[in-house]
Amino acid sequence: MIIVMKPNAPKEAVKQVTDLIQEKGLETHLSEGRQVTIIGVVGDKNKLCNENLTLLPYVDKLVPITESYKLSNKKFHPEPTRVKVGNHEIGPDTLTIMAGPCAVETEEQLMTIARAVKKAGAQFVRGGAYKPRTSPYSFQGLEEEGLRYMAEAKKEFGLNTICEVISEAAIEAAAKYVDMLQIGARNMQNFQLLREAGRSGMPVLLKRGLAATVDEWLNAAEYIISEGNPRVVLCERGIRTYETATRNTLDLSAIPVIREKSHLPIIVDPSHATGVFSYVPPLAKAAVACGADGLMIEVHNDPEHALSDGPQSLTFSNFDQLMNELQAYTRLAGRTL
Amino acid sequence: MIIVMKPNAPKEAVKQVTDLIQEKGLETHLSEGRQVTIIGVVGDKNKLCNENLTLLPYVDKLVPITESYKLSNKKFHPEPTRVKVGNHEIGPDTLTIMAGPCAVETEEQLMTIARAVKKAGAQFVRGGAYKPRTSPYSFQGLEEEGLRYMAEAKKEFGLNTICEVISEAAIEAAAKYVDMLQIGARNMQNFQLLREAGRSGMPVLLKRGLAATVDEWLNAAEYIISEGNPRVVLCERGIRTYETATRNTLDLSAIPVIREKSHLPIIVDPSHATGVFSYVPPLAKAAVACGADGLMIEVHNDPEHALSDGPQSLTFSNFDQLMNELQAYTRLAGRTL
Amino acid sequence: MIIVMKPNAPKEAVKQVTDLIQEKGLETHLSEGRQVTIIGVVGDKNKLCNENLTLLPYVDKLVPITESYKLSNKKFHPEPTRVKVGNHEIGPDTLTIMAGPCAVETEEQLMTIARAVKKAGAQFVRGGAYKPRTSPYSFQGLEEEGLRYMAEAKKEFGLNTICEVISEAAIEAAAKYVDMLQIGARNMQNFQLLREAGRSGMPVLLKRGLAATVDEWLNAAEYIISEGNPRVVLCERGIRTYETATRNTLDLSAIPVIREKSHLPIIVDPSHATGVFSYVPPLAKAAVACGADGLMIEVHNDPEHALSDGPQSLTFSNFDQLMNELQAYTRLAGRTL
Amino acid sequence: MIIVMKPNAPKEAVKQVTDLIQEKGLETHLSEGRQVTIIGVVGDKNKLCNENLTLLPYVDKLVPITESYKLSNKKFHPEPTRVKVGNHEIGPDTLTIMAGPCAVETEEQLMTIARAVKKAGAQFVRGGAYKPRTSPYSFQGLEEEGLRYMAEAKKEFGLNTICEVISEAAIEAAAKYVDMLQIGARNMQNFQLLREAGRSGMPVLLKRGLAATVDEWLNAAEYIISEGNPRVVLCERGIRTYETATRNTLDLSAIPVIREKSHLPIIVDPSHATGVFSYVPPLAKAAVACGADGLMIEVHNDPEHALSDGPQSLTFSNFDQLMNELQAYTRLAGRTL
């Protein structure tokens, strides 16, 4: 950490700061510039946790140098993490495709879709059983019944399964039926839920919050990993900006940024990011070209009558075509699909 | 709802849309312009909930006309709501001041601060017992112990008490000790928590999400009210923008906007919005001048050693001075403090 | 245009609106819903330009149906536009590569870089002679001298040339030396400059403003085209968001959005969007996979000593490698490079 | 400036950086932490302007310590600046009110409005003669004819006058007719225009750009002042965010932020910020309570037929009432109106 003093800080003010830091057992290094004095602080910052140094006289600002996340930080774990789920490994060698309906609606619907996405080459079927909806009057999901259908789809088609969880009770139920938990964008800083997901020991897909910075996202991952569960996969799904032509703004630069800062895998969800099915294929290809470890894509047997997010769902034939086109992009990325 | 057709939509495409809507028992009104045809839809939109009309051929876009929130909507409830909490009423006649530390740290700390804010004129003491922190390594709160101190402060000083809750368990605990629940910005769309808060029957302060629109905020309130609990107070606390000179950007225009759309009271938290104690007094006065029903302000006996958010906390003397200055603004606003 | 009346609007208020519109020679279509009445307006909206209908009693809001841009609108010009520049055509069949230094520094520097980018396969050399810099104390460009070096590079290597212009005088000078004008992000709504660029008759690369919506961008293009100059190419270069891990947030979904709304070509500048050279290659490949008509990429012979934007510039060897990798992506996109 | 090295930086890499800096005649101070080494740089940073230090091996990032703006910086000019315009001084003692139509439409319209705002207590009449409009098909202003009417209003009512300029030609014309130039939000980084405004020697109202940070805004002011013209007044007018309930989001916290960083006066334009006339009075009062040096408010004799921005204009009677209400707020702020 660096402490920047105000231009006119007298020597006594600088001494007050350095004395306080040294009392706590840390070292200080002074750098007296022509305009300002800066103080480098060396040692365990946690010893200063109940000192608000910015409030000391003549302190201008603190500049943090090291990140607050450790376990999700590439600096301390340079090799890319591979997350094993069922018979599949998410990581640098594969392109993981999670496809399925936004919401599980009926057994028949889910089985029809699962068969189609399996045939097209997906390794996971996704399907929402607990739906966080903006309005309380929208369809809220089948809950445990939906999870049971997911388990059936797994059994029938050999697909891995992933489901969003929105409460401790949902985690407990999901643990009985599916292979991987999803924490949605709206819950990325529901720290209670993150801890429970960590304690479950299950692999977790952590979506980026609607207005979360990359640093906040990696800190959210840290909540899960610090419970002893390193099986975390990140998912970029669009951030909130002023632009309204798409539902959110897909931030594909997050992929190279995450590669630089973290060892965790990262996949991309172009369906929720854009909200428009015809924008999904070009952005899916872009995500793979950009280095994504996988894609989450909404597919529906009858988008015109989907109970949730129909306008952004691919039909079976759109999805087939996309999967065919992705073959070449996957090879160029040095992965297998 | 209005359906806008694409410029070249043939008559059959228009008919397909109107037929479908009429089959569901709603009326349609055609408006054939020179460039486009638009279709007005009259009737209960819920009958269309599993039709994704944007996916019909030649449909350009849907334009919603009515809001999805009803119980929090001023159109159906024109009189301003007054929320009674303990011996105090939050609403158009009063200026409600909630003051106290970001986090309850010790019994002594809380009692010292409660005495000071009471003396300065606050009607509520606030204090966090469950702290949602970006990093898992930051101080997370005293939990139930903190709530007990809050109950003591209430007993000792006759203050109303408010505490943030972050889980169902926290709601149950808080219900035993404090007068009002707070849902924090990060949990504004934790729909599970909103429902539990609704079921508790307790008054709820609902902070605006970091990147929530006013409409999403009122829909979140709708989750609470639709559980049969109309005692909701909104709290503007800054939104996330590109500007980094303040922690968030306080959106005071949300006050007149809420006045136009909703009957719920709205208070303002300038401490979390700015993150800088010296910006709090001018923005507190601005909030009152703008029509806010109250303020939530962080006050600490020793900001330099606060375990959370010290840099944005007022000292006792800063708070005293602000309360004095607020007297005149309160009178101009036609309120009592 | 649609006019939405407030829920309690009396018949007289509706009549006042429809009478006014009909007096101006337009038609109205009424749609009386259970909650609200809406009025469809058919005819030339310009006849209403000095009526502020939202201010009439009981009017809730106006909903525009048609876009304000016409000449840049795909609805009235469904075929993709091809912009011929020198010996090259920018459009759906080619991948256009514009590469070079942020700022022209010396004759030798520019010639060295031009030779390298030509050899690697670029069709354009880019180079700034007029630099809009945030601080007045940063390097501001060589002005006309820089343009002369650009003309030399064209002559020597057969490259097309493009240069940013920031004033009418710069347009006049640039017209003498280079093949294509660039309007920078900060000037996207400098309407005076847009008109002058339109009058010049030269091909214009129009960068998206830092906080411009797609609609504002197409309206800016409309300023140029409405001066009789249809040779406009759009350039996505990142928008301003709350995320600070990259300089701006590259919005690749703008590519499919523009494809749906406009016939103009669109290229992508990943160098300015990210500000970090190592993020440029993955995002360049993503842009091509997403359907971009070209790329603008900063290349420098000595990034460590570049006078402007060194950290985001590729070295010759980085650029060579990227161009090699792009070959396969170009073929997949059905284009030639 | 501080240079932060990567965790594993070898001693030679640190030496390469310090050697380079010392060769350029600056001093370095090393701070070797347990995880990272940081290098403080002391001396004239301009000597390093063509060294991109982030590109040296093992450099993690640069942290600037001092602001790039000097002349607009409070650190070097602690006293608040007072800007004299005609018979009036803008600064800490007065509340300056600039009121009038968005666009000058006719001589009669302007004179009618000028009479009304003078009577209500405004010291300035504002009126646009050159209108920067999103669409080229919207009304673009009366240009010099409009300026002549402004001069007449000044003569007739003793009002000071202010007019937006959008080009060098407009500055020359405006200098003949009005007292103060306005640079609009869209031109805040039109550096050519800023320089011309600086050279004109006239007082300049500099609106904040739609997506400008406070630092970029003060750098824009620096362009004007560095031409020898210190008569700059800032104007906060709303920034672009994701919220659509208001046209932009008025950032009133910019007032205390500017007070901390700069000596320049700052006024607020709630009309453009919100786009809705009924939101203007509460936000105008809030701005004064927050410490603004003045207000710019749109007033129109017939908002229903205004050629530009009617929906956000106050009628004469709304404006009268606001001016009456502002009296008490002005006194509380220790100013005179």
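Chains here go by letter, A, B, C and D, matching the order in which they are written, and residues are numbered from 1 within each.
By definition in this document, contacts are C-beta pairs under 8 Å (C-beta built on N, C-alpha and C of every residue); 3 or more make two chains touch, one makes a residue touch a chain.
Per UniProt, the chains are A, B, C, D = 3-deoxy-7-phosphoheptulonate synthase.
Everything numeric here is computed off the predicted structure, so don't read it as measured data.
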Farthest chain (mean CA position) relative to chain A: D
Which of A-C and B-C has more C-beta contact pairs: A-C
Geometric centre distance via CA averages, chain C-chain B, whole Å: 38
Where chain C and chain D are represented by their mean Cα positions, the distance between them in whole Å: 26
Centroid distance [mean C-alpha coordinates] between chain C and chain A, Å: 31
Residues of chain A engaged with two or more neighbouring chains: 211, 240-242, 244
Chain B-facing residues of chain C, complex: 2, 4, 7, 29-36, 38, 40, 42-43, 63, 65-66, 75, 240-242, 244
Residue ranges of chain A in contact with chain C within the complex: 211, 213-215, 239, 241-246, 249-257, 260-261, 273-274, 276, 278-279, 282-283, 285-291, 325, 328-329, 332
Contacting residues of chain D [partner chain C, same complex]: 46, 49-52, 54-56, 68-69, 132-139, 166-168, 186-187, 189-193, 210-211, 216, 219, 222-223, 226, 240, 303-307, 310-311
